[in-house]
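One structure below.
Going in written order, the chains are labelled A, B, C and D, and every chain counts its residues from 1.
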Amino acid sequence: MPDAACGGKGCAAGKGFCDVRERWTDLAVEAQGQGGAGPGQSERLSGGIERTVVRIDSEASARELGRPMGEYVTLSCPQTLSIDLSTRRALSGELARVLRHMLPPDARTVLVTGLGNRSVTPDALGPRTVERVLVTRHMEGCLPAELSARMARVCAAAPGVLGVTGIETAEVLRGMVEHVKPDAVIAVDALAARSSQRICSTIQVADTGITPGSGVGNHQKALCEETFGVPVIAVGVPMVVYASTIARDALGALGGDDGSVDERQLTDCIERVVSERLGDLIVTPREVDALVERMAGILSEGINLALHPGLNADEIAQMMAQ
Amino acid sequence: MPDAACGGKGCAAGKGFCDVRERWTDLAVEAQGQGGAGPGQSERLSGGIERTVVRIDSEASARELGRPMGEYVTLSCPQTLSIDLSTRRALSGELARVLRHMLPPDARTVLVTGLGNRSVTPDALGPRTVERVLVTRHMEGCLPAELSARMARVCAAAPGVLGVTGIETAEVLRGMVEHVKPDAVIAVDALAARSSQRICSTIQVADTGITPGSGVGNHQKALCEETFGVPVIAVGVPMVVYASTIARDALGALGGDDGSVDERQLTDCIERVVSERLGDLIVTPREVDALVERMAGILSEGINLALHPGLNADEIAQMMAQ
Amino acid sequence: MPDAACGGKGCAAGKGFCDVRERWTDLAVEAQGQGGAGPGQSERLSGGIERTVVRIDSEASARELGRPMGEYVTLSCPQTLSIDLSTRRALSGELARVLRHMLPPDARTVLVTGLGNRSVTPDALGPRTVERVLVTRHMEGCLPAELSARMARVCAAAPGVLGVTGIETAEVLRGMVEHVKPDAVIAVDALAARSSQRICSTIQVADTGITPGSGVGNHQKALCEETFGVPVIAVGVPMVVYASTIARDALGALGGDDGSVDERQLTDCIERVVSERLGDLIVTPREVDALVERMAGILSEGINLALHPGLNADEIAQMMAQ
Amino acid sequence: MPDAACGGKGCAAGKGFCDVRERWTDLAVEAQGQGGAGPGQSERLSGGIERTVVRIDSEASARELGRPMGEYVTLSCPQTLSIDLSTRRALSGELARVLRHMLPPDARTVLVTGLGNRSVTPDALGPRTVERVLVTRHMEGCLPAELSARMARVCAAAPGVLGVTGIETAEVLRGMVEHVKPDAVIAVDALAARSSQRICSTIQVADTGITPGSGVGNHQKALCEETFGVPVIAVGVPMVVYASTIARDALGALGGDDGSVDERQLTDCIERVVSERLGDLIVTPREVDALVERMAGILSEGINLALHPGLNADEIAQMMAQ
């Protein structure tokens, strides 16, 4: 989730920077609707999951949709307070398949990184996910050869956010990448969606990398192949909608979108309604604390299955419980 | 904050019950604007604090404003990400004064109770506050007489919410009240406001008691003098605005309030925009985790000063740090 | 786990009260060895679990062992950092069987209570367990009849400890019992063992109820059938050993037990070694945070299976994940 | 605090590696007593604080005491459950003085790092401390010049432990140091002491850097000037004593130290008493959760005062509360 511009501890300047932001979304599948590009290809899988693939394959589309060229796979399930066990397994299994498809075929060493601020509940998805990743890089030589052969060399890090560390996320990770020399990086982050129905019901996997804080005009270095020299796969789940999006959508639903309300008037309305003096106002379910834990479980299960294809879910659960 | 109707663990029926709720507020000072009643009396205090007193003194007003007769004192300060130390001290000092004014003059034994669900961040204000209350009831006989004379007999409880315990809050507390026989009860709760500018910048103190879940048509027994036989003082701070309020206000700002948009159309719009399938959607600041801690500190300081007038802030801090 | 005598927040008198405590244990199966009573009956079950039943069936034995008459069932598994999945399921399944054996055969309404202080890691086992109990009492009328018929009416509470609430645990619970009128109470608590090998590898279930703080000469009212009028089943797991026990055992291992070291000398040694100025010193595994979570999962699974025999583990997991 | 050798998630080999460890201590002031070196120089300061300076200034002493050459300053206060406010301020003020004395005089950019595992309560001191450090590096250009002139450029990181990340701490930090190019590094860690009276009552500051896991024969790279190219100041507070130390000391107190008990017999005793199958057994106060928070507050206050000498404690508190 976007880190507040410089809104960390002690910043005098942490004022609302995105108050009249266009209905912001980190999802390519939603941006598409806005940008006029054609729809992605959707497919209904078992377990009630829908997989949509959006490919941004020209510079023009990339500019139009405001995100880098590449493949964006969206897995979504019906949004309910309770994801049943079979849907969870279907989601984590499908995530594993998508990740294996995007990872270099011979990837042996992988760095999994959880972006976001662990002290901000909806933004803690990344750190909470990496806590449950089965880390093995430091155990080489300790494990029985039979077991070792079935596992990748995995390391994990939650580098914190600029506002808390004072260092750009990309810079923290660059040092690790140089030392660990992974074959790929997987970066997990909480996202913002345009539609509240996407919250906690959609997983986006992209082979494009990710730019921390991109939603807030907070220009940080991207985590991507260009920066790190190895492929960066971004895994994200919407945890919030911006309050300004809800306000805009209410106005749009009333007919504003057809041009009957002009943009200036819209912006004025939103500014009157959504005071952003207290940082970003976000829209989120009351149950977000529990939802973050649940989604971190699904993501880490998918990542563990993708990285250690020689282990099944029970073996992984067993190893995680030390 | 209102507990979801029966939306606790395992409830199949936890669907959106408040999706087209009228711009809900737990603040008398905001309800007033809606109800047409005259404005409360405001006074500007030192430290940038404004104190507004609303008295609902007739059954007619009570019906109109949808809340019980009594005195509602609102303390508010400018909303900023950072409340400076002098404002904090001014707030807790003024809260102590208001509480002392509302407590029975000879109150010696007081039960402080923190309502809400400690596992739901913005709803954890009550439980977090009581954790910092200086509890003394069990120490009688242990303390030096000199010290004991300057302190009240205070006990504290966070009874949990119906969805988690399966027991109504009033019933859990009634047993304690019967055993402890306090001279008064102070009940701390997180509230919902109509205006996002009220979040974490307003404290409401009322001599009317409080009804858990009142905002959600979830009819629980009130915590009040009638139920418990002793005065119940409610202390609340808005931590959220309902997403439907934001949407309604956006529409209102566009002219909906003057009658140009009819109510049915409004409700339809909101239903289209604010999907409530995932429990209540709330609007809250990104920083709500930190804001809850800070406000719990201010409230507990005010309560401790009010209950132990023989101790100063340093002595209380010292005793709390065991 | 024993609450410090009056050592809550603000107590000036919280000094070491148990510094030369006899190798303290809350386990009947360990006390027995000390008291000279005959050994319990042990049986090896599938999944590597050993079940030992100790019956204290005379007042003389009760006095000798310093605990009430009744049946104490101990389930133990080999202590390892990692309890494998099959052992976990065997433990929770066997716990369910023992509980069903001890519960009144027609028990329909049950109150599950988690004793201990949630802010003290090894003492948080009780509160953490009840968070995962499937609470249903408030949902009557909400659930489909078919489902409702297969479930008990369960409510749950974590009443806190005397030092934090200022009210005795038994008093807090008594009010709930009077209101809820359960057919039985299940009380979950963290225990102290004599042997560090018991930590997190032993579950004691007793039909005797439990006395909070009994290990520390801190005379609180017992939670038992006499107090509440309904059976109270105690479920406990050792999370700590007292430091003084370790010191005594070291001395004993050197030959002190055979009389070559006199008791006065022993006590002096321990006092010199184990400074208890900072509250009780406890011996606990480094990993206690993770172990508490894992054991809370096992206990709640056993309790849920025992109370809702019409549901299987997957259905319960599903309902808990709301 | 030492990280378990390779005892992270999933390690099959995490068995007791330090069961008969010599009474381990991370404190130079305690090692000294063992090594036979002369006592350090002690001085009693105001506020009841004692400052002891140990200088290890020859390779022989370094070998004998098993720690690097350099200056070790120990601040200690009487151990009580409650450190009063004046003692806290005296401790943080004195820590600031010691740090300023050890920091390069013209240090402008400083990296503060909190070692240890935030999911293991007594080991979370480092991460909890850095959460409260006033981070400013990312705000250059954002702050008023007047304010900026009074503040250092501070960044902060909690790199996690080898068992959780799969990367050595020194390697994670090396990348950051290369990017940030600080003038000095301050590394905060929880320590193990020999005497339980040292727990939470002693702060050790050393200009020698620190070796993660040094207490457990777990040979990781040191964080020191040699590794990083800039001075590394280690700040540590004992949070635990090893259970084996308590057992050894009990035996020693009985006369073992004078040679009457031979080493083999001692070791056998300890092995019988202190089962280390469940990771390291540690001795710690029951209240360790609260003590970690309190000590993190004292350390961060000292660090903030040392790094931003132009700000007073109130200004720092104000900026931290964003």
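Here, a residue touches a chain if its C-beta (ideal position, glycine included) is under 8 Å from a C-beta of that chain, and two chains touch if they have at least 3 such contacts.
The structure presented is a predicted model; accordingly, all values stated were derived computationally and were not measured.
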Any chain in contact with chain A as well as chain B: C, D
Which of C-D and A-C has more C-beta contact pairs: C-D
Far-end chain from chain D, centres as C-alpha averages: B
Distance from chain D to chain C - Cα centre to Cα centre, in angstrom: 35
Chain centre separation (chain A, chain C; CA means) in Å: 42
Per-residue overlap in chain D, given as positions that touch at least 2 other chains: 7, 14, 81, 119, 287, 290, 319, 322
Chain B partner contacts - residues on chain D that touch it in the complex: 81-85, 287, 290, 294, 314, 317-319, 321-322
Complex interface listing, chain C residues touching chain D: 1, 4, 7, 14, 79-81, 119-123, 195-197, 199-200, 243, 246-251, 253-254, 256, 261, 265, 268-270, 272-275, 277-291
Complex contact set, residues of chain B against chain C: 6-14, 119, 131, 134-139, 142-144, 147, 153-160, 162-168, 171-172, 174-176, 178-180, 319-320, 322
